[in-house]
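Encoded as structure tokens, here's the structure I'll be asking about.
First chain written, first letter: the chains are A, B, C and D, and each begins at residue 1.
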Amino acid sequence: MDLDFTAEQVEFRDEVRTWLAEHAPAEPRPHRDPAATREYDLAWQRTQWEGGWAGIAWPERYGGRGLTLVQQLIWYEEYARAGLPSVDACFVGLNHAGPTLITTATEEQKNFHLPRILRGQDVWCQGFSEPGAGSDLAALSTRAVRDGEEFVVSGQKVWTSFANIADYQELLVRTDRDGPKKHHGITWLICDMSSPGIEVRPIETIEGGAEFCEVFYDEVRVPAANVVGERDNGWRVAMSTLSFERGTAYTASQVRLADTVEKLVDLARERTGPDGRRPAIADDELCRRLATARAEVAALRAMTYAGICRNLRSDTPGPEGSMLKLYYAETAKRVARLAMDILGADGLRATSRWNRPFGWSGNYLYSFSTSIGGGTSEIQRNIIGDRVLGLPR
Amino acid sequence: MDLDFTAEQVEFRDEVRTWLAEHAPAEPRPHRDPAATREYDLAWQRTQWEGGWAGIAWPERYGGRGLTLVQQLIWYEEYARAGLPSVDACFVGLNHAGPTLITTATEEQKNFHLPRILRGQDVWCQGFSEPGAGSDLAALSTRAVRDGEEFVVSGQKVWTSFANIADYQELLVRTDRDGPKKHHGITWLICDMSSPGIEVRPIETIEGGAEFCEVFYDEVRVPAANVVGERDNGWRVAMSTLSFERGTAYTASQVRLADTVEKLVDLARERTGPDGRRPAIADDELCRRLATARAEVAALRAMTYAGICRNLRSDTPGPEGSMLKLYYAETAKRVARLAMDILGADGLRATSRWNRPFGWSGNYLYSFSTSIGGGTSEIQRNIIGDRVLGLPR
Amino acid sequence: MDLLPSADQLELAAVASEFFAEQVPISAIRDRRDEPSAIPRKLWSAGADLGLLGVSAAEDVGGSGLDLDDEALLFRELGRWLVPGPFLASGGGARRAGRAGHAGLARSIVTGEVLVGLAQRRDGEPGDGRRVAGTFDLFDRPDASYVLVVDPSGAGLLETASLEDVRTIECIDPGTRLASATAAGTAPLCWVPAEDEPIRSRGLVLASAVLVGIAEAARDQAVEHAKTRVQFGRPIGVNQAIKHACVDMAVAAEAAWEQTLFAAISMRSGRADAEFQVLAANVVAGRAAVGNAAASIQVHGGMGYTYEHDAHLYLKRAHVVEQFFGSTRERLGDLLAQEAAQ
Amino acid sequence: MDLLPSADQLELAAVASEFFAEQVPISAIRDRRDEPSAIPRKLWSAGADLGLLGVSAAEDVGGSGLDLDDEALLFRELGRWLVPGPFLASGGGARRAGRAGHAGLARSIVTGEVLVGLAQRRDGEPGDGRRVAGTFDLFDRPDASYVLVVDPSGAGLLETASLEDVRTIECIDPGTRLASATAAGTAPLCWVPAEDEPIRSRGLVLASAVLVGIAEAARDQAVEHAKTRVQFGRPIGVNQAIKHACVDMAVAAEAAWEQTLFAAISMRSGRADAEFQVLAANVVAGRAAVGNAAASIQVHGGMGYTYEHDAHLYLKRAHVVEQFFGSTRERLGDLLAQEAAQ
């Protein structure tokens, strides 16, 4: 066992650090205006592409760098250390759709989409959840009927982040309603968001974010060539997508959480504590909770490293990703709440986590999504209980 | 609404206080030796009887005082304030068996047993749980077959406190194995613990207590006249017993917990805190946890008062008793753990909660029983969810 | 000894609850989020007509002269319905003005003509009867002619117009209007020293009642969702992860409510440990409100994370009301500094 | 970068685990509860023959000269099997003696002839190379000729015979022998200043590994019970109240283990943030061990509350090991005083 990076990896880290210092966006992310958000996120992705930093662990033949998850990790670490905004609008393309296409799509699909994602040409969104199918994703009922060389899609999706500014969607539809189990008969489609019949209604989040949407499909025609994996086999494809999400895709968030904790330690050094005299960090309770947060994000990093080492040996992430996701969510919520306790009455001031300096009350509200999105903490616990611990169902 | 006690009740409180000051046992309770424990607990119960304080809210015709639950509450409060030991070996007789007999037994059964319980003549124990029937009490399989004017009992019970020193047992047995549901065909028997065929094996508790037992029944003959309620109707009788346990029977424990918290506040005033300089109470974390414990036991008392007021209006305790039981258990565990955190390395020294001064490490270990005995906290949550909140099963 | 509300008290609360349900639906908070004031004057007047602003003010200034436990029952309904507007400060202000002999002012607050916001000290020395200085957070200042200042030494009213550097601040709660301001040694009106009347303790009891209402509403909302939301072919409430979360909410709300009543009655009847009971109530009520509201968001899943659902409004209001009359940590210190309960 | 144990390391741990399972069953703790020493000398010697006491001592004193991560893998097994006896202090003592040039002493500790207990300071000024004074808690003193004293300024050995006022104290853990004693300015043996070798940090890593072993064993025990115990016609593990409790135990153990390895490797490779990583490991490992052991008792219900079941032994040992090398609260303060992690 070792924690040493190779000379090559150390050099890589230096390059990343230097490049980020020179190219990081100077402007804060315009988080309230969808069109401006799209432009900002894509422009930043394009800059990364031009710098040669897009798709670090993606295959070279689709525009990636063909490096390992260790280099990808180094990138995330330096990225977080530089205090840069997350790749929000590009997240699904880079972390869900991209990896899924790499493992499952046809060469044609890969050749078309993967470079576009890396170059910052397209925003992708996820079309999984429905009003009647949240935790019970397999109950989805948005229907696709084959008509010649097309599928005709009708139905509704919810909690679709960035549908209002997306070019493509990874869309789960029901292509067979008569299968023996509801997990069968689901198909994973690439849906062009400019297709006629799609209506997008933004839903504001409790933090005031504008990225959440409902999407309505009224006889939307999707070419049959856009099926990824095979028809009626979409559940398996989607599960691998979710495994990415719960495994490596969260690496950036995990790394960023450590940075958030250090920001909070700094805040506690600067602010007066509850007694009105000493700095907050001198308060025994707050001090210990901050130290505990430090210990937890350290452990989260160790788990992330170990997960990457495991992934380097076997390609498909296992259910252990759910442990990372669960631990991340619960830690992120505790850290966000601790900030509110340090702020006291100042926590009542509305802020956004996109603010500079960091908006703690916004981050607190945002933190509620970490144990809901990508599968609730309850669902993660079921997965871990059933598939990691082998407990009876 | 008011918190005022009537002049009569105030006078009652004064009498209790004066009497307890004069008659409380001077010796600590001999908790490791079962025979000595029996003698101590029964002697103290006899003293209370002679003083006119036994069965405060029991009907006068069975030897009680015929007063209300308010006087009973006053007794518990003064009792706890005087720092007196709980009525451990007499607990089942006074709080389970007694109340059950009062509501359900025949006059003959009542006339015989109730005065004996009050006079400190008999120790009772509970024979409910079995190795295969813990949370799932209705799955009990200890069998009783009718033979003339007797039932012949064979089987096994577990977690039976004080079976080794008990005279009688409230014994649940299966009298019908062919009923439509397993809750049917259960009968509540008064079992004489000196009957041939009973074997008692003590089980030490994690605190080192000696009161826990397994009881084995090998063709034990119990007179049919000892059925309480009706044959095959024992489930209903037992449920009312458990309602007593979860409702008013815990009043004494709840009141004592407030006293325990104040003992802990005193301890934190006297001991040096984690920084090795200031008293523990000056530590911000410990101070806030102590204050929170104070708030929680205050709320527990308020809930207890409200429960008593509700009971004064309707006789049978409802499922709300489970809320008290649950809140009590979780609070008691937090308080016990807080003491360990205040003690630090000193918490490693083995003590008993029967020690004088109070043994905190023993109390900590004991506290684990509060969320297990009398129905686990998980079972209480099921009861509250199903019966108080009406959630689907 | 009787801790159960009387039929009269329950009736009083039911009337208020009905009024709020009809006139001040929670959805109105979203509709008015960009308005200067969180509650329209018309509704404020209607609330005044119902007697909400003079509950504890004397009858000779138009009040009802009711007791603190009656008032707690009403404020629980204000919490349950997330009613916006400075009811707590205005009710306290009316009582304050009345007892200080400013009958005219008291009457105009009771009738709803004059509003009183809440000023919460951020820094500066505690005020006294002659001058009040320092910076303050102002809650629901729009439309308010006065703000109620509660310092350890006493409490009184300041004219809003006398405040300097008034700056509007967006609050996390769209139903609360927040601002900051400075008082530069202004002379307060209707000042009363803390030893003469425990305004802060009364305020804490009523804030606790509001928090209980929030905790109960969040519980009810989660329980309802658990009964009706179907996933995996059954209502989600069959799952212990959901069921037990609802139960913990119910227990927290129950404990908070009984303790809040206990505190209200302790104050009314002048028990020696009243302050202990009040602080205890505020601690358990604050935890119940914030905890239940947070749990309800989780029970609601994706829906609970949307602005258009009510779940977050409970959470945000809970955080606001938990800050009333000083920080939660300060109150825990105060509670531990008390003698043991009676 | 590779955080996964090698095949050699896993083999090393498996051999130890097998030995413990066969030779030091957990039930022996109950059998020996009234013996002066928690582990028989014969078993101690067998452990020494297996190399458990010289893992990190140099080869020239009979040790294996292995690295801290290897040692952590072994100590995790000691925790998992609740092996009694002063392994941590004796292993540290052997390494200490060897590096201080006391080859004979080192060798006799490695062979199991000489035992070293752990002395934990209760009060008095920290010692230095010339004198050690103050009162101490002694862990597993019986049979030990020396005790290891670890002060912030450094660490060394004291002859047990030189201690005064030695008093046996019953420990909550029947597998740990506790005593108190006074050192009256005794000159320590093999003293090494903290800046020369981070004994406390090494000890904290190994204590963390023991705690991880306890956390994992408690998890395994609870999971096994959840799979096999039938109530209401089904294994209790189908209930989320049980299932999710087991999951939380698994996540806590996993986090603690990965962080403990991270810390061990950080120390070995001299990372600048090694101390941060060590303290972090001890914090998460302590919480995992105590938390999992407590949760396992609850999962086991009435059985978990009996002395004859193993569940409480995990809890009690977890509390003991969590106290090694200073209090948990002190360590949190130390962790926050560190620079941010690399």
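We take it that a contact is a pair of C-beta atoms (placed from the backbone, for glycine too) under 8 Å apart; a residue touches a chain by one contact, two chains touch by 3 or more.
Not measured: the values here are computed from a predicted model.
The chain with its C-alpha centre at the largest distance from the centre of chain A is B. The interface with the greater number of C-beta contacts, when A-C is set against A-D, is A-D.
Remark: chain C and chain D have CA centroids separated by 51 Å (rounded to whole angstrom). Mean C-alpha positions place chain A and chain D at a centre distance of 39 Å. Each of residues 274, 283-285, 288, 378, 381 in chain A touches at least two other chains. Residue positions 239-241, 244, 329 of chain C each touch two or more of the other chains. Considering their complex, residues 274, 283-286, 288 of chain A touch chain B. Chain contact summary for the complex, chain B toward chain C: residues 1-5, 9, 70, 258, 262, 265, 281, 284, 287-288, 290-292, 294-296, 298-303, 305-306, 309-310, 313, 323, 326-327, 378, 381-382, 384-385, 388-393.
Chain contact summary for the complex, chain C toward chain B: residues 1-6, 9, 69, 223, 226-227, 234-235, 237-238, 240, 243-244, 246-248, 250-251, 254-256, 258-259, 261-262, 265-266, 269, 271, 276-277, 279-281, 283-284, 329, 332-333, 335-336, 340-341.
Here chain C touches chain D in the complex through residues 239-241, 244, going by the rule given at the top.
Touching chain D in their complex are the following residues of chain B: 129, 132-136, 139, 158-159, 203-206, 208, 212, 274, 276, 283, 285, 340-341, 344-345, 347-350, 361, 365, 368-369, 371-373, 376-378, 381.
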